[in-house]
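Just passing along the structure, written as structure tokens.
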Amino acid sequence: MLGSGLLQGLAVTAKNLVGSFHDPARLTTVEYPEQRTKLPEAYRNFPFLVSENATDPMGTLRCVACQICEKECPPQCIYIEKSKDKKPDATGRPQLYPTVFDIDTSVCMSCQICVEVCPFDAIKMDQVFEIATTDRFTALLLDREQLAKPNDYYHTIHPTEAAEVDARLAAERKAAAEKAAAAAAKAAAAKPAAVAGLGEAGAPGSSTPATTKPPAA
Amino acid sequence: MSAAWTNIATSAHSLLERLPLLARDFTTDWLPESARWLANSLITIATVVVAFASLFALLTIVERKVLARVQNRPGPNRVGIPFTKIKLFGLGQPLADGIKMLTKEDIVPRAADQVLHFLAPVALLAFSILTFAVIPFGRQLVPLELDAGVLYFFAAGAATELAVFMAGWASHNKYSLLAAMRALAQLISYELPLLLSIVPVVMLAGSLSTVGIVEKQAGWTWGFVPHWHVFTPWGAAGFAIFFVAALAESNRSPFDRPEAESELIAGHLTEYSGFKYALFFMAEYFGMCALCGMGVTLFLGGWQAPLPFLEIIPSYFWFAAKLLTLLFVFMWIRATLPRLRIDQLTRLAWKFLVPLALINLGVAVFWALTADWTGAIRAIRWIVAGALIVGPFVLIGRKLSSGIAPRTYRYAT
Amino acid sequence: MTAVLILIAVATLCTAAVAMALRNLIHSALLLIASWTGIAAFYLWAGAEFVAFAQVLIYVGAISMVVLFAVLLTRQSRADVAIAPGSLGRVVLALIAGGAVLGVLVGAVLSTKFANSSATTPTVTVKQIGQSLGGAHAAALLVIGVLLTVALLGAVVLATTDRAEKEDA
Amino acid sequence: MIASGLQTTGAHVREVHDDFHGDLLEVSMGPHHPSTHGVFRMQVTLDGETIVKLKPVFGYLHRNHEKLGENTSYLGSMPYTDRLDYLNSMTNNWAYALAVEKLAGQPVPERAEYLRIILAELTRLLNHTCLAGFLLQDSGASGTPLMYAFREREKILDLFESLSGSRMMCNFQRFGGCRTDASPEWLAAAKKLTDGYGAFLDEYERLITGNEILMARTQGVGVLKPDLAISAGITGPMLRATGVDYDLRKVDAYGFYSRFAFRVPLGDHGDTYDRYMIRVLEMRESIEILQQAFRDLPAGPIMDPKAKLRGFRPKTGEAYGRIEGPKGEIGFYLISDGTPNPYRYRVRPPSLINLTVLEDLCLGHTVADAVIILGSIDIVLGEVDR
Amino acid sequence: MNLAPLQLCLLFSSALFCIGLIGALSRSNTILVLLGIELMLNAANLNFIAFWRYGANSEPATGVMFVIFAIAVAAAEAAVGLALVITIYRHQKNIRLQDATRLKG
């Protein structure tokens, strides 16, 4: 009372004034373009499409154009056109692929639901946040080529998550390969002589483990 | 030997002390006698204006820095020397701000009173510069030595309120108008405690001349307690009242009612932009500097050194140091306190500061009458004077703050 | 010196005359304040600096505020600004009366031979003023003090509203 | 004179012409005004500086939230709830998840419930800290308390970001659990923050709570009577500041709140100071809850294994899920017709309902008071306008 | 015409007095009437200073004293006068002098 509260307040501000010169807990400013904080691994901004192979990103997209994300996206910012033909994916199995895959990042609200609903681990959240542009119409509409980023990029931004995904994919593919091999063996047992050679070629991807790195070439 | 040294030291000191005057006389020496007076005056005016304009530039950045540091931010630190990477702790900021202000579009609302809208910042700046005329910046450095200097200061200062009103009214904006009303109410209320708080000083110094008042505060008790007015019971109370009233007169937080940004946008400045806004800003800082300068002159011993051996340092340096300290306290208070409501503000003036200032006047009379008490009886003088101030302070403060108190809270069971 | 006086006089008279003629109350008040400042300048010119500062402090600092407050508190609608019928006649009458008074005064001033004025400016220091206030004019000072107190109380009583929520303004 | 001049300018300076109150002034505060916390407008009629009439105008931020909810899948509405009260996305998520879980009869694993409580209490800290800062900013404290508040808020947001990937739009809860699990490092960081929060509150209170100016500004200003509060449906700290003991954490004991020991602070005056202090005291209780939650957090899954992400179609029915959000009772009312989208989706926004008494609180006070009263109601326009 | 400075001052004050008089007589706005009266007071003050400056002075400070007291009286007059104006405004919702015909509100 009688001004003691005011004096107390002045003491606190004086302490902070002095503290900001020597106490890093008090001066928490990070001067952005020069200094940057480390982004947390979970940080998400806009989605990107995972491709298995950096040299041929369009050929190795994990996306099979199933359009689940397009349907689930709350603000409806994804537009996909399914291919008419099938192309072999990273595992060599023939798959549909998106001929058009657009994300309007001016609409996208970074909710990550597309990532959660994707059964193929094909779409993931990016961490690029310096996306300012002078062109607000076309520059924010990202197409398939701009969205595709290699798997090792995914590893650099979300290492833990990517390792889990890769392990899971490897397990799935191994299981699939084993199943295919078992089926082939069964078939081979049934027709030992005629299709013995074909049985080995029947699962071409089985010999290649799930590519976490692009081939050395 | 030592006497010789003392002599040299004294002469060096006096040379340093009179350096500004010598420099001025040197420049105007070649002029005929009749023109020299005019030239000297012009040089004085130019020096004061340039000095305080640079101080203003410095203060803007310092204030932002202090506010920022109090708020745990680094503050503006980017602008340095252009086209280089040198940042100089952001000292180039005022320059950049100045360029920005100058090049911004000057918008005058269509319905505004064009002439008054233009005149308001000009008048404000003119009057606030006028107040510097009687402040003694150093031992011989007073631009205009007036017999009624203190009266002049407050006369010139009173006119600045008018400019605030003009700005608010001329803008033809409701926020500005409300701000103008608030400004009037606030300034009328605080003029009184401001003047009353300096009456004891004038009374005990026996002079309305600023130089005379400063010279009265020379000397030390026991060789280390300066005879500044603030070191007497009535002086301390008077200084506190003066300080609070000065905060209000210069529209500084917690009395920045007229431009309370959280309710009145920018008050009377709402419709001002560009250079006119900069003029307002400048005038406000000038007014603040002038009031602080007056506070230093009246209560803090003006250009007197705090300790005898420190007299070696020239007097104008001491004035500047005290002025900057007071300005820093202004900033510090701004960084800490929330704003008062307009009725609380006027109530504080009329029901608290004015009675206290009147009581303080009585204490000053007591002090003057007991000037010849010596020895142990002096302690009684101090006790009586102190009690006469603290008692009413507590009583009136209790009365004023009745109904507001920290509360305790209960919890649901 | 005379030129300065004439300059001050012209400025003061012009502002006062325009202030009295203007329709806009705020402009009138501000111009009158300028006029009062001109009078203060005259006091300075005449060497009465204490009076000049008192004039500025009281007229520009205080009375002007009260006037502006009154103007703002009695804001009027458009109807009030219109010239009331018959006011033209009043203006003419006022001009005639004012002109007559001016004529008499000017005639009197011009026809009077004043005693040789002292060439030296009489100096009056603040100390002297203080001494005569406390000495010869002490009674007047007390009366003025009482008058001001009564005026203050009277103004407060007059301006206080009956409404309960208006408090100590 | 002034009237004639003002009439020529835009609509915002129109004079009220009234035979009896010729000197009333109508001022439109907002939608672009520094103190209205977003695009909110207070149309105030002033007699001098005293408010004789106040009309809140809102809807400038209307985004069709409820209709969107009816046209989006249950999951798709989750990120939209973030954007209701964008300071408190975690509690919005929880309230919505609770409603859907009620609708679908979806159980939630124990660890997820604990995580929800941790996040909700962190959100409460965050919201109340912000409020204290904004309130002081509104009363003119040059930003210092606000900056201190934001310094602490930033730490909580960092926690949210490292857990959910986004500072404010967390989109964290799912029907039947939470989206990601909290790592031990995250829990350690959160615990550290909680341990240090009391010290911050102490400093903050030293700075401002005992401040005579603040007390003079807030005590006795904007008094809300308990009966008016109840009949207007006021909830949250604003209701408890009037002395009504109503906290959904105790009343509903949703989640595992019944397992936690905490107290509910109550005010006796219902004025702005009480509203501020109740929030400060609630923060201290939140710290208690957080400490207990960190102590008792069980291991286990965070997602019910039977929970469905895609093709989620709750059976026909209706449900109302409500929790004690930082601002009051935030509730979601859902009607399912068996399709993937809700048939009816309705939000009970505490900000809007608490705002309804604004005029009652402000009448007879000055403009300056209206600003801090509005600040103490604690609205977020995203939730008011939806 | 060769005028003594004192005569100039007196002419100045006469003119100011008449402006105040004309204003006070011709305007119907109470505030302006009050201001006209203030001007007349000021004109009188001018005379005091003029005679103090140029007249044969018996006592050095008399003119100054007169002006100081006159200013104090003027301040009191302004305060009471404007309070009256506000009261009139409250009663009749305008401040036209002609309408203020009743002493009782």
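Per-chain residue numbering starts at 1, and chain names A, B, C, D and E are given in the order in which the chains are listed.
Criterion: a contact is a pair of C-beta atoms (placed from the backbone, for glycine too) under 8 Å apart; a residue touches a chain by one contact, two chains touch by 3 or more.
Being a predicted model, the structure only gives us computed values, none of them experimental.
Participant: Out of curiosity, which chains are bumping into both chain C and chain E?
Facilitator: none
Participant: So if I look at the partners of chain A and the partners of chain E, which chains show up in both lists?
Facilitator: Both chain A and chain E are touched by no common chain, going by the contact rule given at the top.
Participant: More C-beta contacts across B-C or across A-B?
Facilitator: So, comparing the two chain pairs, more contacts are at B-C.
Participant: For which chain is the distance between its Cα centroid and the global protein Cα centroid smallest?
Facilitator: Measuring from the global C-alpha mean, the nearest chain centre belongs to B.
Participant: What chain lies farthest away from chain A once each centre is taken as the mean of the Cα atoms?
Facilitator: E
Participant: What is the distance, in whole Å, between the centres of chain D and chain E, each centre taken as the mean of its C-alpha atoms?
Facilitator: Once rounded, the distance between the two centres reads 62 Å.
Participant: Let me have the rounded angstrom distance from the C-alpha centre of chain A over to the C-alpha centre of chain D, please.
Facilitator: Computed from C-alpha means, the inter-chain centre distance equals 34 Å.
Participant: Counting only Cα atoms for the centres, state how far chain B is from chain E in Å.
Facilitator: 35
Participant: Got the chain A residues that touch at least 2 other chains?
Facilitator: 1-3, 6, 9, 12-13, 16, 28
Participant: Got the chain C residues that touch at least 2 other chains?
Facilitator: 25-26, 50, 54, 62, 66, 69, 72-73, 76, 80
Participant: Would you pull the chain D residues touching chain B in the complex into a rising list?
Facilitator: 2, 5-6, 8-9, 12-13, 25, 27, 29, 33-35, 46, 48-49, 136-144, 147-148, 151, 207-217, 219-220, 245, 247, 250, 263-269, 273-274, 277-278, 281, 366-371
Participant: Please output the residues of chain C touching chain B within their complex, sorted ascending.
Facilitator: Touch list, chain C to chain B: 26-27, 30, 33, 37, 49-50, 53-54, 56-57, 60-62, 64-66, 68-69, 72, 125-126, 167-169.
Participant: In their complex, what parts of chain B are in touch with chain A?
Facilitator: Those in contact with chain A are residues 66, 69-74, 77, 332-333, 335-337, 393-394, 397-398, 401, 405.
Participant: Would you tell me which residues of chain D are touching chain A in their complex?
Facilitator: Residues of chain D touching chain A: 72-73, 75-80, 82-83, 144, 148, 151, 154, 158, 161-166, 169, 171, 179-180, 203, 206-215, 309-310.
Participant: List the residues on chain C that touch chain E in their complex, please.
Facilitator: 1-2, 5-6, 9, 12-13, 16-17, 19-20, 25, 28-29, 32, 35-36, 39, 42-43, 46-48, 50-51, 54-55, 58-59, 62-63, 66-67, 69-71, 73-74, 76, 80, 84, 87, 90-91, 93-95, 97-99, 101-102, 105-106, 109-110, 114-115, 117-118, 121-124, 128-129, 132-133, 136-137, 140, 144, 147-148, 150-152, 154-156, 158-159, 161
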